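What follows is a pair of complexes built around subunit A, which joins subunit B in one and subunit C in the other.
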Partner chain A sequence: MKRFTQVGLFEREEQLLAAIGESRIRGLVVVDAYSPYPIHGIDELMGIRRSRLTMVCFFGGLAGLALGLWFQYWSSATDWPLNVGGKPFDSLPAFMPVGFELTVLFGGLSTALMLFVRSRLWPGKRGRALEGVTDDRFALVIARRNTDMSSAELPELLRRHGAIDVWQEGGE
Partner chain B sequence: MHTELQTAHRPPALIGGNKTPTDVTRDVCGPLERRPTRMWWLAFAGALTLLAIGVVSVWYQIATGIGTWGLNRTVGWGFDITNFVFWVGIGHAGTLISAVLLLFRQKWRTSINRSAEAMTIFAVMCAGLFPVIHMGRPWLAFWVFPYPNFRGPLWVNWRSALLWDVFAIGTYFTISLVFWYVGLIPDLATLRDRSRGLRKKITGLLSLGWDGSARTWSRYEMACVLLASLATPLVVSVHSVVSTDFATSVVPGWHTTVLPPYFVIGAVFSGFAMVLMLMLIARKVMNFEDYITTVHITAMCKVIVFTGSIVGLAYATELFTAWYSGSEYEQFAFSNRIRGPMGWAYAVMVLCNVVAPQFLWSRRVRSSLGMVFTITIMVNIGMWFERFVIIAGSLQRDYLPSAWSDYVPTSIEFGALIGGFGLFFTLFLLFCRFLPMISIFEIKTVLSGGHHATEEVEETKERGVA
Partner chain C sequence: MNEVRETTLTPGPWRASRELSNGLLTTAGLGASLFLVGVMLQPERAWGGYLMGFIYFVGLALAGPLFLSIVYLCGASWARPLRRIPEAMSAALPVAFVLGLGLIVGTHELYEWSHAQVVEEDLLLSHKAAYLNVGGFSVRLIIYFVIWIWVGRKVVGLSTSRTPQPQGRRRSIAISALFMAVLSVTLSLASIDWVQSLDPHWFSTMFALRILSGFGCAGMALCTLVLTVLRRRGPMRAVVTAERMDDLGKILLSLALFWAYIWYCEYMIIWYTDIPEETGYYLLRRQGDWGTLLPVNLTVNFAVPFLVLMPRPWRRSSVILTRVAVLILVGHALDLFVMIAPPILGSDVRLGLWELGPLVGALALFGWILLRALGRAPLVPSESPAAP
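== the complex of A and B ==
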């Protein structure tokens, strides 16, 4: 989708939050907001849905547990049953520690991996952070949904909430 | 640039010195961008020396054989496994601080979690080393993994506690590393945006193109909570599994159900002592007095006195159980621990682990950095001795008096012990040089005692367009 976006740079988290609030009320598209630290309550304000990473973590962990238990069972009871001190080949209680560790391992790795995939983070990614947003600045990127708002209104809205710098970017 | 902000009033805070977000960035990144201080070089040279002693000792041991150690037919585990258990335990505080305190929303953790997590990773690396060199033929260490081989394939014995260790330590290391790295990404981006040249290239690569987007933050926070929720039971499982190396055997003094919780709480206790010791040094050397304040030191002291008391209770429980069991072997094992040839080690252990931390009940002691520092060192010594007493002390005198033996560690074993500390401190000092020791973005969320920094100050500010 091709559209022009308006970027505003703020010095305060409240200014950013207020600008997001007004943009949403006025029916603008809040493309994204950038901040040096996670801001409490910004998710609700921007309408970001609760992340579904919990599901990824749960099913990743479940897969780890299943794989761990199955592999221990298969290798000690099916593939090469070996009598160790007269213990049963299928020693489920003794398989639990490794099963648990693999649950955690798979759950954790799948969560981290999915975080990178969903957030499009990868080594060597080309792109830049807006000036100062990894230090003490807050940025808001908004766009018009349709043309019934004059293009001068966007920078005006941002400035009204205290933006110290406002510019337009030709988005893709 | 933000001088007018610094005059603004703020309530008493976790972070001293009325810091603004920019100050935090500058204070934490600053030392990384300057040349290392003479202090750092001195410490690094010392750590490298210790490491070199370890490398020479271990190299000699591997080249010559396990006979260079003082182990014998009766005492098959000595310094090596003591060091292993000690270092695994040291690591536990890092996970506790980063994961458990995150779940409990203890905001004071933000100043220390980064270095505590780093400490976990380095401690687990030290821990992993000792079982490997203990194998005698470390080049066959891969035999501990279940891999397809031409001997059947013959699989590993899944019923062995030693194999559980492989998976527990392996998972612990991996998850701690992932958690630490995920936590570092936003700060690496901060470093990237401040630097030029090679440093920018490296931090740019490692920060994965982080841009601070709200959508990313939202997912990121969820991922951190999930990783913390996984790490919390993991940390309990790891030292429990380590304790089963002993508890699943029949050696008197080892064969007891109290061992898993006993080990876990001891690990947290020793780990906190190590974190506190390192933080006391770091705040002085790196000028982080505003970030690691008396609030943090007091909080850690309280954790130490709490866990230390539980450790004392565990020692008492052991003695009671031995007496109450009516088993003469069990009773002998404990009377031997106290009065036998290693009674002095038991005394050191009780003095350092049970008596010393009790002084932390006093506010005067807690506020004296020298006293706190001394106590943390004592706790570390005591916890090393605890493992030594349990391991070598129990093996020395088991069921058959004809098999009794004494254990005298050799200089090679002392060398490996020293080398473990050398490796740990070398890695820690490198970490202090190249990565932000304090979590920059998390500190920014707790400026002004948990309120966002910008909330109160900005009313006073009238600023023209930059």
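== the complex of A and C ==
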């Protein structure tokens, strides 16, 4: 069973921030906030924990570097040694560009893939976007703690901060 | 919300303690006297140290207007509260000019191409003599500094002048662009004149960028160091927030990357093509003790800052940021040492009073000028029509 959530649509960034602030003070759950552009400091206001994606990026990049260096070493020094311009078979300076590229590739791809996995996005998934939040509207989704019932308190709070539209979602 | 808090808590003028200023001035004096003694006893090594100190000094002084120009061109309003530090660094340019005039006296000890006899016997050097000669060297040095001081003063004036400027933003963008354009040409030539011509047979089109990237690293590290110290001492506590330190850390990280990228680009091409007129530079620097300094240089200037500044909590710690800034400043001295000293000292690494005296003295002098300049204006500039 899904939780009842209350959605409020705002016209200005400050209204959204104020509504988030009050929801947090009142002990409500800030499920999510939508904005057409990144808002500075909103993660702190919403109480979102630090993302651990950076660790995925770091270790993905490290794996890419290791793979790049190892594969070049294996192919040009172990498996099929070729004399290129009289350089030693095992030449670190020559391996660096590919090692660097694979670091970037693996770091980027692993981060993007992990982001999709964690946000449960996959090809063919149907999601609904709130209207206007990619254009000029700000949306806030809040819920009450420990209940799946909604009350008049939530829409009232959202309206007080200037929500132009308020509706309920979920709760099948 | 942050902006309001910052502008209301703007700190007033600030003065460094008398002990610190006097200490720096005494160190500068000691360095100068060591240099004078050195000129008598070991002229080549003393002049080598002088050149290192001079280049370091010029780099820090140029990093001031360079940072300001970038800030103006990008419209980086986040940097407004930090602007006084690069402005104060630019105040050292006239003194750098005086040090540069001193360098002209030392050309004979430093540069092979300044000896008429050597040039005559050397085919390549006699071809290069049209550019590499003492007269041209001196005239160019004066031209560089006149341009730098003139345009640099305009860049600094954008935020310090009290009179309202018509079309403030347009003007600041134009002046900043002018400084960047002029600097790219003059610094390229200056790096050839002052440093690259120590190995007069060698040439590299990447060299000017390597000098510039080192200047950027050291300048930004000094900025960060001054800011974190001022933050801990109080006057800038409200201004240098964790977010700002994070930004500074990111810039330092990217500059360390830039430095390493340029270093590698130069090395890689020379290593790969392996032609005699280019490899000489690295042959000398990869032999014996110089060879051990090479990886140390890369570790101090790239690997450590890169790894330490990566985690966000570390960038936001003023203790860690301070230490990395000091490390990069030391690393820049090492970088210059490896660049400048080998052709002077030959195959032996010698780091003694004759090298350290002038270098430390020049840096102390820079610190003294910086502190004096910082005390002249409120530490945090107010809104200015010309600045973002």
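Please note the rule applied: the second predicted complex is superposed on the first by the 155 of 172 C-alpha atoms of A that agree within 3 Å, B and C clash if a C-alpha of one lies under 4 Å from a C-alpha of the other, contacts with A are read in each partner's own complex, and residues count from 1 in each chain.
Following the convention adopted for this analysis, contacts are C-beta pairs under 8 Å (C-beta built on N, C-alpha and C of every residue); 3 or more make two chains touch, one makes a residue touch a chain.
Small disclaimer: the values here were computed from a predicted structure and weren't measured.
With both complexes placed on chain A, subunit A has more residues touched by B than by the other of subunit B and subunit C. Of the two partner chains, subunit B is the only one that A:Ala33 touches; subunit C does not reach it. Of the two partner chains placed around the shared chain by superposition, subunit B and subunit C are both touched by A:Ala94. Put simply, subunit A uses residues 50, 54, 85, 87, 94, 97 to touch subunit B in one complex and subunit C in the other. Residue ranges on subunit A touching subunit B, taken from their complex, read 11-14, 32-40, 42-43, 46, 48, 50-51, 53-54, 57, 61, 71-72, 75-76, 79-80, 82, 84-85, 87, 91, 94-95, 97-98, 100-102, 104-105, 107-109, 111-112, 115-116, 118-130, 133-136, 164-165.
Partner subunit A is touched in their complex by these residues of subunit C: 2, 264, 267-268, 271-272, 274, 310-312. Within the complex formed with subunit A, the subunit B residues making contact are 2, 20-22, 25, 146, 152-159, 163-164, 167-168, 170-171, 174-175, 178-179, 182, 185-186, 189-190, 192-194, 205-206, 208-223, 226-227, 230-231, 233-234, 237, 241, 244, 441-442, 444-445, 452, 454-455, 458, 463, 465-466. Within the complex formed with subunit C, the subunit A residues making contact are 41, 50, 54, 58, 85-87, 93-94, 96-97.
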